[in-house]
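Below, each structure is written out as structure tokens.
Common to both upcoming complexes is chain A, partnered first by chain B, then by chain C.
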Partner chain A sequence: MSARQRAIIEFMLDNLVWLLLIVVLAAFSIGIPSYFQIGIFTNIIEDSTYVGVMAIGLAIVIIAGNMDLSVESVAGLTAMVTGILFCNGGIGLGYTMAPVEWLAIPVSLLLAIAVGGIIGFSNGLLVVKLRMNAFIVTLASYIWVRGLVLALSGGRSAQGMVPELRIIGIPIDPILLPPSALIAIVSFIGFSFLMRRTPFGRHITMIGGNPIATFRAGIKTDRLILVSFILAGAVAGIAGWLLAIRTSGATANLGVGMLFKAFAAVVIGGVSLKGGIGQLPGVYAGVLLLSAIQTAINLMGLPAHYTQLILGALVLAAMLIDTLKLQIRQRLA
Partner chain B sequence: MTETTPLLQLDNIVKNYGAIEALRGISFDIARGEVLALLGDNGAGKSTLVKIISGGLEATSGRIVFDGIERNFTSPAEAKAAGIETVYQDLSLCTNVDVVANFFMGREIVKRFLGVPILQEREMQTVVEKAMANAGTRIPSMRTNVEHLSGGQRQAIELNRFVHWGGKLVLLDEPFAALGVEQTRRGLDMIKRIAAQGIGVVIITHIMAQAFQVADRMVVIRQGKVAGNVERAKTSPDEVVRMITGESL
Partner chain C sequence: MKRFLRATLAAGAIAMAAFASHTAEAQDKGKVFYMVPTLLDEFQTASVEAITNFMKEVGYTVEAKNADNKTDLQQSQMNDVIALKPKAIILAAVDFNALVPSIEKARAAGIPVMIFDRQIKTTKSDFTSVAGTVEIGYVAADQIQGLLKTKNGSVKGKVLQVLGDPADPYTLEIQQGFEEKMKAFPDVKIISLPAMQWEASNAGTIVSDQLVANPDIDLIFVHAAHLAVAAVASLEAKGKKPGEVMLVSSNGAPVGLDLIRKGWENVEVEQPLFAQAAALAMFADKVINKQEIKPGKYDVLGLESEVTIESWGANIKIPGAAINKGNVDDTKFWGNLKPPATPIKPVE
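Let's turn to the complex of A and B:
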């Protein structure tokens, strides 16, 4: 086999989920009337924003060889914090940054990042310093952070987001996408670059592959793992902020169920739960794929619970494809 | 410091674990470019000695002079910084990334763009290709993940990396335990080439044939003491075996 053929096959294997996405979109476009519309496609992208952003941080932690189950609750918390501060109705306090009202955007965003980052930091610290199992640490956070949301809100909700924040969720005329969707896309591009082209991403990937070797090579493995948890928390914080804006408020159970979708997207996107393997663009394709299928189910008028059946089947299929890919690669080498 | 001073001098190294004497005064030298086979039965004290040389353990007493300076390594990182490293099978490579990434692990070439360090992949690949070519190692693509490479190729990456980053003394613990006949032959060739560049090589092995194929000198440890220190040309496998078992001639 020539080096060129080999490179082409490698490229296809690396981008299998994108191919799958194209095939699925084409099949739906042909098979389902009214699927092939700009509005449907922009809707798929918009719908992918929240799970997508959350999946970025989750993927980075998993690539580093760990696990973060807390991202969903963290998003719930930052959504609630944003809702309480910047909503007028319910438990909202309706703060404004008058006279410079647009300041509410950076202030609320930074606050969400900080809150998420702090929880990520506490997860990371327990994993790195006390050598606790990441699964257990973040399972605990998943539970207590949601508890904190309930305590903060008293089980009630905030509604009526201040208009200066709502514009983040309103489609911009020519491109039919809201700024929130653009934030998700920019985040994917930015973090993909970080993982592929900087020493940070390279080291995170190597730690996921062999933590002993990286440690012996003088790489500060503990610090990088801690940073990966902080990033996952911060990015989940952004997801929660976007979610609050989309729903123009926050309920105590906002975001429940997103963890499993984010997980499915990460796995379908080609990230191995064993760590060290996976790329963020694939994860975005995974999120888009889930969204495309969800949209198809909605358009066909099937009951919503079919989504869950298909989601489960997809995760299993992704695992099978992963094994298949490995066998092809071994034959190539 | 001249070329004639030994690379490593061990002077009366003693290691006690409580009342147990693991090493009872070990002394020998290793020259630059010399391949030394460290032999001995299980429990003779080889591993303890190797750990002391590479910073994993501290000697109870005795002097270690490396590169003309007396050293007292308290960690493997210190020994590594001085140019001593132990290569363990599969413990020092990340198989999920490519050859280039492994070669530069933690020492990547970067260029800063707006303060963000960016990996210079092409530059790094050129360096690796050159280093591998110099060592006569053939790997189809430097962009192949290490998991797809053979045991011999992996060992070549580890050794070439060691040499490239200024290593002076490498300790190989049973380097051919998991390799086939052809790979072992290549491995032995590679060791000779590395030694020819002035690097000291210590091989810990049980296989007499390999020791006689590659080593310039044999040091036999028995019950925590040097039971023999002979040039290969002046000894025979039978004699070395007797030194290991302690049988009288």
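Let's turn to the complex of A and C:
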């Protein structure tokens, strides 16, 4: 096999999920009436926003060879914090930054990042310093953080986001996408660069592949793992912030079920649960694919259970493809 | 003198002890457990507060157990609670059928079971206090017929119905009631889709997609007020103005009432939470002391309610109300979060 042929096959294997996305979009556009229109495609991108952002942090932790189950609850918490502070209905306090009202955007965003980052830091600290299992630590966080959401809200909802924040969720005329979708796209581009082109990203991938060898190579593995957890928490914080803006409020169960979607997107996107393998653009394609399928189900009026059936089948297919890819790569080597 | 003093003190002590024991008996008639299906929902959270306060007014201490929407957890909680031998159990079942064995086990152990909000007809219980989920669907259908008629001249048009989680019988019964009443109007096209896990952003996504695929939707009917919030966010994102697409919701939560005030929502079908909880307290003594409950009309916080004796036991049905812009500030609606000022009195 020539080097050119090998490169083409490698490229195909790396971008299989994008090909799958194109095939699925084409099939739905042909088969489902009213699927093929700009409004539906912008909906798909918009709906991928918060799960997509959440999946970035999750993917980084998984590539580093760990696990973070707390991202969903962290997003729920930051959504609730944003809702309580910046909504004017229900339990919302309706804070504004008058006279400089736009300051509500950076202030609320930084607050969400800080809240998420603190939880990520506590997760990372327990994993790195006390050598506790990441699955158990983050499972505990998944539970207690959701409990904190409930305690903060008393089970009640905040509603009616202040206009200066709500604007982030309203589509901009020429591009028909809201700034929230652009934030998600920019986040994917930025973190893809971080993971691919910087020593931090390469070291994270190396740790996931072989932590002992990485440590022996003089890389501070513990510090990097801690940073990966902080990043996952902070990014989940952004996801929650976007979620609150998208729904113009927050309920105590906001975000429930998104962990599963984020996990599915990460796996479908080609990130190995064993760590050390995976690229963020693939994860974004995975999120878009899930959103495309969800939209198709909504338009076809299929019972919701089909979403779970299809999602389960997709994750299984992704795992099979992953195994197949490894075998093909071994043959190519 | 010493003897007199000692005798006086002893008499005083006995009198105080007697008074204390009498007071304790009058104030604390024992513990009742409230099995709440979830706390991630405003109605359920408010129900804990209302039941705790109203039952306290008639002498019972309430401890709530949250099942986190998990049937198996609620079954296990029922087993634990039965072992504690409380005066009674108030059950709002996660799953209407799966809890039947637990109800039977409690009653076999001599513990009365009172059903709250989520009616169980397949086994005997000691008292049921409901607005009726199917009936909520009926009320919503009546209101929606009126809204469509006003808008389109007759009962015709396109309605998007956003259910809650499809595994929850509560939402399925509202759907059943609603669609049963709408059958008579073939010119109304109903598109029904569920918001998985009652999660608001799922409802928002459904509304966004359907507004693109079916731009001629006249009215959106969501099965809970917190879903209405996300529906409004999607309407707003699509450039709609308040009232442009009509919106009807159910349960009467505070956020739903806020949306009516802001003009986004037309009608909220209220589950009369305060009255449902008050009815439990009114009949608690009779249930716990195994006294006969007489059928007939009763006044529950100003709402005319009817007790009937059904095959599953005594059942009080409290009418759900339609809340609109004209009556949204009425304090009798639980969504205004103003509990009744007069204490609950047990039924004689």
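Everything that follows uses one rule, which is that the second predicted complex is superposed on the first by the 333 of 333 C-alpha atoms of A that agree within 3 Å, B and C clash if a C-alpha of one lies under 4 Å from a C-alpha of the other, contacts with A are read in each partner's own complex, and residues count from 1 in each chain.
Here is the rule we use: a contact is a pair of C-beta atoms (placed from the backbone, for glycine too) under 8 Å apart; a residue touches a chain by one contact, two chains touch by 3 or more.
What you see is a predicted model; the values in this text were computed from it and never measured.
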| item | value |
| --- | --- |
| Which of chain B and chain C A:T198 touches, first, second, both or neither | first |
| Partner chain(s) touched by A:T323 [first = chain B, second = chain C, both, neither] | neither |
| Partner chain in contact with A:T214 - chain B first, chain C second, else both or neither | first |
| First, second, both or neither for A:M206, with chain B first and chain C second | first |
| Partner chain in contact with A:R166 - chain B first, chain C second, else both or neither | second |
| Touch count on chain A, higher of chain B and chain C | C |
| First, second, both or neither for A:I277, with chain B first and chain C second | first |
| Touched partner set for A:S2, first chain B, second chain C, both or neither | neither |
| List of chain A residues in touch with chain C within their complex | 34-35, 37, 39-40, 43, 46-47, 50, 89-90, 150, 154-157, 159-161, 166, 169-171, 178, 243, 246-249, 251-257, 294-295, 298-299, 301, 303-305, 307-308 |
| Residue numbers on chain A that touch chain B, as the complex places them | 3, 197-199, 202-203, 205-206, 208-210, 212-214, 216-219, 276-277, 329-330, 332-333 |
| Residue numbers on chain C that touch chain A, as the complex places them | 38-42, 44-46, 166, 191-194, 196-202, 204-206, 208-210, 212-214, 225-226, 229-230, 232-233, 236-237, 253-255, 258-259, 262 |
| Touching residues on chain B, where the partner in the complex is chain A | 76-77, 80, 91-97, 101, 105-106, 108, 110, 116-119, 140-141, 144-145, 148-149 |
